[in-house]
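In what comes next, chain A is part of two complexes: it sits with chain B in the first one and with chain C in the second one.
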Partner chain A sequence: MKHRTFFWFFLPTALAMLLFIFLPIVSVVTQSLFVDHQQVFREVENCDIFGCKNEMMIDNEATEALREAQPLGRFAGLSTYFNRSHLATTEVGQAWSGSQGWGEFLGLLINLPFYKALIFTLTFTFTVTPLLIVLGFVIAIAVNALNQKLKGVVIFFSLLPMIVTPLVGSLILFWMIDSRGIIGNTLQYLFANPDLSLKASTGLTWVMLIVYGVWHAAPFAFVVFYAGLQTLPQDTLESAMIDGATRWQRIRYVVIPHIMPLVTFVALIQLMDNFRVFEPIVGFNAEAHATSLSWIIYNDLGGETRLLSSAATTSVLTIIGVAILLSPVLVRTWRDWNRKV
Partner chain B sequence: MLKKLMLAAAMTVAFTAANTTFTSTSALADGHAKCGIENGRVNIIGNEFPAIQTIGTGAKACAAGDVKISANLTKEHKNIQVPGLSGNPAEYTVAIVANSSIVPLMNDDLIRPLDDLIAKHGGNFGKNQQITIGGKVMAIGFMANAQHFVYRKDMLEKAGMEAPKTYEDVLAVAKVMKDKGIAQYPFGGAYSAGWGLAQEFNNMYLGHGGKFFKDGSAMPSINGPEGIATLGMMKKLTAYMNPDFLTMNNNEINAEWKAGNLPMMQMWGSRAGPLLTGEGSAPGVAESTVLSGPLSVAGKGIPATTLWWDGFTIAKNISDADAEASYLAMVNAIDPKIMNDDVATQAVWMIDGYKPTPASAGVFATMKANATPYPMLPYQALLHSALGAELADFLSGKESAEKTLADAEAAYITAAKEKGFIK
Partner chain C sequence: MASSVVDNKSPVLRTLSTLFIIVWLIIAAFPFLWTFWGSFKVELDFFSKENWTNAIVGVRTVTETGGPFTGNGYDGAWVQEEFWRAVLNTSIVCFFVVCTSLTIGTLGGYALSRSGFRYAFWLLIIALIFRAMPPITLVAGYLLPFFEWGLWGHLSTTIIVLVAINQPFTLWMLHSFFQKIPKDLDESAMVDGCTSFQAFRYVIIPVMWPGVITTGLFSFLLAYNDFAVTAMLLSKENQTMVPKIASFLGTTQTEGNVMFAVASVVSATAPLFVLVMFFQRQIVSGLTAGAVKG
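On to the complex of A and B.
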C-alpha cells in the first residue's frame, strides 16, 4: 500500500483513537497528579427543622480565588500513587520490617485496600481465564460433534450466559444462591447444615464469583473456538484417522495445534476483561469479601464526596496492570510476526 | 479545563441516557401562566420514592405556555447532582436533597441562598422549614425521616417479653426468641457493607455518646472506647441476624419482614410506614407490626439513630428568571393544599395541615426523643465511606475492633488529605 493511501485509510481510526483513547488517558493521568485545594473552614450556625447548632462549613469565598488561579487543584506529583489508598509504600515498608514471616506480611498487605483488591483481581483473572478456555473448548468440541439439526438450538442456549447483561446475570445467580434460593437451599440440604451460607464466607464468595466469571465468559471462548473448528483441514484429520489415531490423539495433535492462535487471542481478550472484573462484585453485594481495582474506582466516584484524584490514580494503575499482564502475550505475538516477515 | 471538558462530555452522555422529560402537554395547551411563573426553565433532580414523586408532580402542575418543567427523579441522584449543577448554566435548576446530600453542593458552592426569593415571593411554609446555614436560607425542608425500631407484637407476646427500649433488651428478647424457636434470625438491620453498614455504625456510635471528629477540626476521633463499644454491640446483634447480613440492605430486610420471618428490625420510617398497608405481606404481619421509637444503648439514654430532613435547593449557576420559576414551582409543590389522606401516609411531612398517621409514629417518637440530626459537615461523607469499606473486616471476624477503627481512620485521613480537609 502506498504511504499516501495508507495515511488516508488510517486517518479516521487514528482520529478516533486520539479522541476516545489517548485524550481520556492524558486527562486521567493529569487528574491523578493533582489534589484539591486546602479548604478554608469557618464555623457557622446551621438551623434545620430539628433545631440549631454550630458546625464547620467550607468558606467558598476564601477558596474561590485559589480555584480560579489553579482550576486543577494543588499539584501533588506522585504522592497520591504512594498513599495508603494506593501503593501504600510507607505502610508496606512498616509491614515488611514489622512482620515475622511471609504469612504475617501477606496478612498485613491484604489489609491495605489496593493490595486487597489486587490480590482478588489477580486470583480471579488467573483462575477464570484458563478455566473458561478449557470449558469453551470442550463445549466447542461437543457442539461440533452434534447432529446438524440440534446444533442451532444448542448453540443458542450455550450463548445465553453471554447475552444476558452481566449485572442481571449476577443478580439471578445471587438470588439462586441465597439461603432461601434454589441452589443455596439445596446445598444446605446436601451438607445437612441449615446455617450454611455462600455469602457469609470470604472463600465461598470468591468461589462463587469465579464460577460466575467462567459461566459468563465461556460462551465467548466457545464461539471463537467453534468458528476455528469449521476451518479444520479435513485431509489432515482423515489421514490421522487412517494412521489409527484415537479421538483424543486427533484432538491433541491436530485440533489443538490448529486453533492455538485462537487460544492466544481468547487469552489476550479475557485477561484484559477479567482484570477489570466489576459487575459481579456489585451484583453479588460482595464488597465485604472481595473488591477489585475497578470496584475501587467505582467506590471513589460513587460516594457523596467524590474522590476524583484517587479514582484517576487507580485507573492509571489499572492500565499499567493490564499492560504488564498482556506483555508476555504481546511479546510472543511480536516475535512470531517478526519470524514470519 | 481538560477536566471540565471531559466532565461535560460525560454528562452529556449521561443526560441523554437518563433524563426523562415530563413536560405536560395539556398544561402547555391552555397557555396561561400558572403559580405566578411568567417564564423560565425548571428542571428537578431528586431521589425516587413516593413522597418525592408527589413533590415532582406538584411542581410539574405549574407548567404552562413557555414554562417547561421537567424532573429526573432517580435512585442515582447522588451521582448526578454535583455534575448536574456544575455547568453554567446548570442542567438542573432544583436539587431535592437531604441533610447529607446538601453537603457536596455546599462544598462546591453550587446552590444559591433563597433569602431574596423568600422576601420577594413568600411561600406557604414555616420558619422552621427554612434550613439556614451561616445565616442564609439554603434549602426549604418538607419532610423528616429517621431509622427506628420496628417489632412484631404477636411474636413478642409469644416470647412473653416486653417491647425493647434499648439494644440490650433487643439482645435479651432475641435470645429468648431463638431459644424458643420463634424466629431463626430474630433481628434485622441494613448491615450490607458500604453506606448502610456505616450508617448503622453512626447510629450506634451516637447512641454511645461518641463524637466523630476532634473539636473544631477534621481529624477523626472514632477509635476510642465508644467506638469499640459500638462495634461490640453490633457484633452481638449480628449473632441474631441472618448470616448473610453483610449483603442485606433495606430491600432484603423489608422482604424478610413481609415474609413474616423477622420479629424485630431497625428500619427507615419512610420504608416502615408502607409495611402497615400489608401490601405483599404474609397474612397477619401488617396487623401486628408496630413502629416503635428509637432504641438507646449502654444505659446512656441517647437515641441510637439520626434524624434526616428532605428539602429543595436552587442551583446557583442559572439565570434569575429560571431561579424564580424554580422557586415558585417548588413552593407550589410543597403547599399545604397538596395534603390528602393518601399523601399523608407517604412521609412525615413538615407541611401545615398534615395530621400524623400511624405510619409516622416511629419518626415522631425519634424527633421527640431529640435524636441527633445527621451532621452537615463537609467531611462527614468521607468518614462514612471509609467506615463502609472497613467495618466488614471486623464483623466478619477478620480483625479486632481497634484495628478496624484504626484502618477506618487511616483510610479517612488519606481521603481527607486529598480533598484538602486535612493538611
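On to the complex of A and C.
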C-alpha cells in the first residue's frame, strides 16, 4: 500500500488516538508538575476602639481570578512525586534507617498510601495471574474430555464470570459473602464463629479480592487453552500412547509444550489487566483494607475537591509501572516481527 | 479425544474430571442464579441472619408483601430511582461507540494489514502500549480541558473518549482478521483498475463481516462494562448503568434500598446473558484470535 493511501485510511483512527490518548498523557504529565494555587492573602487595616491593626485576610476574588487565569496551578516541578502521598522519599528514608529488619520496614511502608496501593496491586497481579492460568488449564483439560453435546453448555456457563461487568460481578459475590449472605453464613457455620466477617480483616479481604480476580479471569484462560487443545497434534499424542506414556506424562510432555505459547500470551494479557485492578475494590467496598493504584487515582478525582495534580502524579507512576510490565511483550513482538519480515 | 488408539481412561479419573466440571459450573453460574432469585425477595430474606433458606422460600417476603415473589426492588430501581434513564444512556453510548469504532477501526486495521512498511509495526506497538494503560490514568488528563471548554458531562464526549480508548484493541483485532483475507483479492481488483478505496469497498467489505462482528462484540463489552471513564466524565443526569449502580451503593443505608441495587445488577446482567447465548462462537473465536496467531 502506498504511503499516501495508508495515510488517508489511517487518519481517522490516528486522530482519535492522538487527541484522546496521546494528548491526555501529555496533559497528565504536565499536570503532575503543577500544584493548586495557594490562597491569595491581602493585608487589611482593621480599626476598632483599641486602635488599628494590620490583619491578613484571604482574598477570595483574587484567588478566583488567579485560578481563572492559570487553571493549571503553579509550577512545582517534581515535588508532588516525592511528597507523602506518592513516593514519600523522606518517610521511606526514615523507615529504612529506623527499622530493624525487612518485616518492620514493610510494616512502616504499608502505612504510606502509595506503597500500600502498590503492594496490594503487585500482590494481586502476581497471585491472580498464575492461579487463573492453572485453573483455566485444568478446566480446559476437563471440558475437552466431555462429549460434544455438553461442551457448548459448559462453555456458555463458563464464559459468564468473564463477560459480566466487573463491578456487577464483584457486587454479586460481595452480597453472597456478606455475613448475612449465603457464603458468609456458611463460613460462619463451618468455622463455628458467628462473628466471622470477611470484610473486617485485611488478610481475608485480600483473599476475597484474589478469589474474585481468579473467578473473573479464569474463563479467559480456559477459552484460550481450550482452543489450543483443539489443534493438538493427534499423531504425537498417539505415538506417545503407543510408547506407553501415562496420562500424566502425555500432559506433561505433549500437551503443555504445545500450549506453552498460549500460556505466555494469557500471562501477559492478564498481567496488564490485573495491574489495573479497580472495580472489585469499589464493589467489595474494600478500600479500608486494600487499595490499588487505579483506585487512588479514582479516589483523588472523585469527591468535592478534585485533586488533579495528585491524581496525575499517580497516573504517571502507574504508566511507568505498566511500561515495566509490558517490556517483555514489546521485546517478544519485536522478535516476531523481525522473524516474519 | 477421539483417537484410534484405545484411550483407557480409568473410571476414577473420569469421575474426578466430571466432578470437577460440576464444581466449576456451580462456582461460575450459581452466583448469578442466586442473585436473580434473590432479587425478587425483600432485603431481610436476601440477607437473612436467621436462616439461609429464607432467601429461597422468602418467609419475610410472604409476610411483608403477601406473595413469595415481589417486584419491589425492580419497581424502586426502574421507576423511583429512574434506572430506565441509565439504561437508555447506556444504549446510546454502546450503539455509537460500536458504530464509530468499527468504522474508523476497519479503515485503520485494513491499512495496517496491507502496509509492509516498518511504520505499520511501530503504530501497532504504540497501539499495544495504549491498550496496556489503565483507562483511569487518562481521566486526570481529560478533566481539566473538558471543564475549561465546557465539554464535561455530555454523552457525546464520553462516546468519543470510549471510541479512542477502544481503538488500540480494535486495531489489533481487525489487523489480524484482515491478514487472514488473502492479499491477492484486493490486489487483483486494483490490477483491474480499482482505486484502493474501491477495492476496499467492493472486495474487502463483503468478506470482512465475521471479523467485524466479533470485534464489534468486544467494543460493545468495553463500552457496556466501563466504569472508570463513565463514572468520571458523565454528569448525574447522563449517567450510564454501571456508575448508576455504584451510586446506589452510597445510598443503601435505608432498609430495602439494597434491593434496588440488586435489581439493577440483575437488569444489567440480563443483556449480557442474551449476548453470550447468541454470540458464544464469535466471542470464543475473538478471544483466541490474538492468541493462536502469536
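The criterion applied here is as follows: the second predicted complex is superposed on the first by the 276 of 341 C-alpha atoms of A that agree within 3 Å, B and C clash if a C-alpha of one lies under 4 Å from a C-alpha of the other, contacts with A are read in each partner's own complex, and residues count from 1 in each chain.
In the analysis below, a contact is a pair of C-beta atoms (placed from the backbone, for glycine too) under 8 Å apart; a residue touches a chain by one contact, two chains touch by 3 or more.
Keep in mind that what you see is a predicted model, and the values were worked out from it rather than measured.
**Q** Thinking of the overlay built on chain A, is A:155 touched by chain B (first), by chain C (second), by both, or by neither?
**A** The answer is second: A:155 touches chain C but not chain B.
**Q** After superposing on the shared chain, does chain C or chain B touch more chain A residues?
**A** The partner making contact with more of chain A's residues is C.
**Q** Answer with first, second, both or neither: which of chain B and chain C does A:238 touch in the superposed model?
**A** second
**Q** So, does A:142 touch the first partner chain B, the second partner chain C, both, or neither?
**A** In the superposition, A:142 touches chain C alone.
**Q** Between chain B (first) and chain C (second), which, if any, makes contact with A:178: first, second, both or neither?
**A** In the superposition, A:178 touches chain B and chain C alike.
**Q** Quick one: is A:27 in contact with chain B, with chain C, with both, or with neither? Answer first, second, both or neither.
**A** both
**Q** For A:85, select first, second, both or neither according to whether it touches chain B, chain C, the two together, or no partner.
**A** first
**Q** Using the superposition on chain A described above, determine whether A:14 touches chain B (first), chain C (second), both, or neither.
**A** A:14 contacts chain C only, not chain B.
**Q** In the superposed arrangement, which partner chain does A:285 touch: chain B (first), chain C (second), both, or neither?
**A** Touch status of A:285: both partners.
**Q** Regarding the shared-chain residue A:217, is it in contact with chain B (first), chain C (second), both, or neither?
**A** Neither chain B nor chain C is touched by A:217.
**Q** Need the overlap of the two footprints on chain A, from chain B and from chain C, as residue ranges.
**A** Residues 23-24, 26-27, 31, 71-72, 178, 285, 301-302, 306, 308 of chain A touch both chain B and chain C.
**Q** In their complex, what parts of chain A are in touch with chain C?
**A** So the residues of chain A in touch with chain C come to 1-3, 5-6, 9-10, 12-14, 16-17, 19-21, 23-28, 31, 71-72, 138-139, 141-146, 152, 154-161, 163-168, 171-173, 175-176, 178, 180-182, 185-186, 215, 219-220, 223-224, 227-228, 231, 234, 237-238, 241-242, 247, 261-262, 265-266, 272, 275-276, 278-279, 282, 285, 293-294, 297-298, 300-302, 306, 308, 311-312, 315-316, 318-319, 322-323, 325-326, 329-330, 333-334, 336-337, 341.
**Q** Any idea which chain B residues touch chain A in the complex?
**A** Interface residues on chain B, with respect to chain A: 1-4, 6, 78-79, 82, 99-101, 103-104, 106-107, 109, 128-135, 141, 144, 184, 192-194, 216, 218, 242-249, 307, 309, 350, 367, 373, 375-379, 381-382, 384-385, 389, 392-393, 395-396, 398-399, 403, 407, 410-411, 414-415, 417-421, 423.
**Q** Quick one: which bits of chain C touch chain A in the complex? Just the residue numbers, please.
**A** For chain C paired with chain A, touching residues are 1, 3-5, 7, 9, 13-14, 17-18, 20-21, 24-25, 27-29, 31-32, 34-35, 38, 46-49, 52, 55, 103-105, 107-108, 110-112, 114-117, 120-121, 123-145, 147-148, 160-161, 163-165, 167-168, 171, 196-197, 200, 221, 224-225, 227-228, 231-232, 242, 245-246, 249, 258, 261-262, 265, 268-269, 272-273, 275-277, 280, 283-284, 287-288, 290-292, 294.
**Q** Which stretch or stretches of chain A touch chain B in the complex?
**A** So the residues of chain A in touch with chain B come to 23-24, 26-27, 30-31, 35-39, 41-52, 55-58, 60, 64, 71-74, 80, 83-85, 111, 113, 178-179, 194-195, 197, 199-200, 202, 284-289, 299, 301-310.
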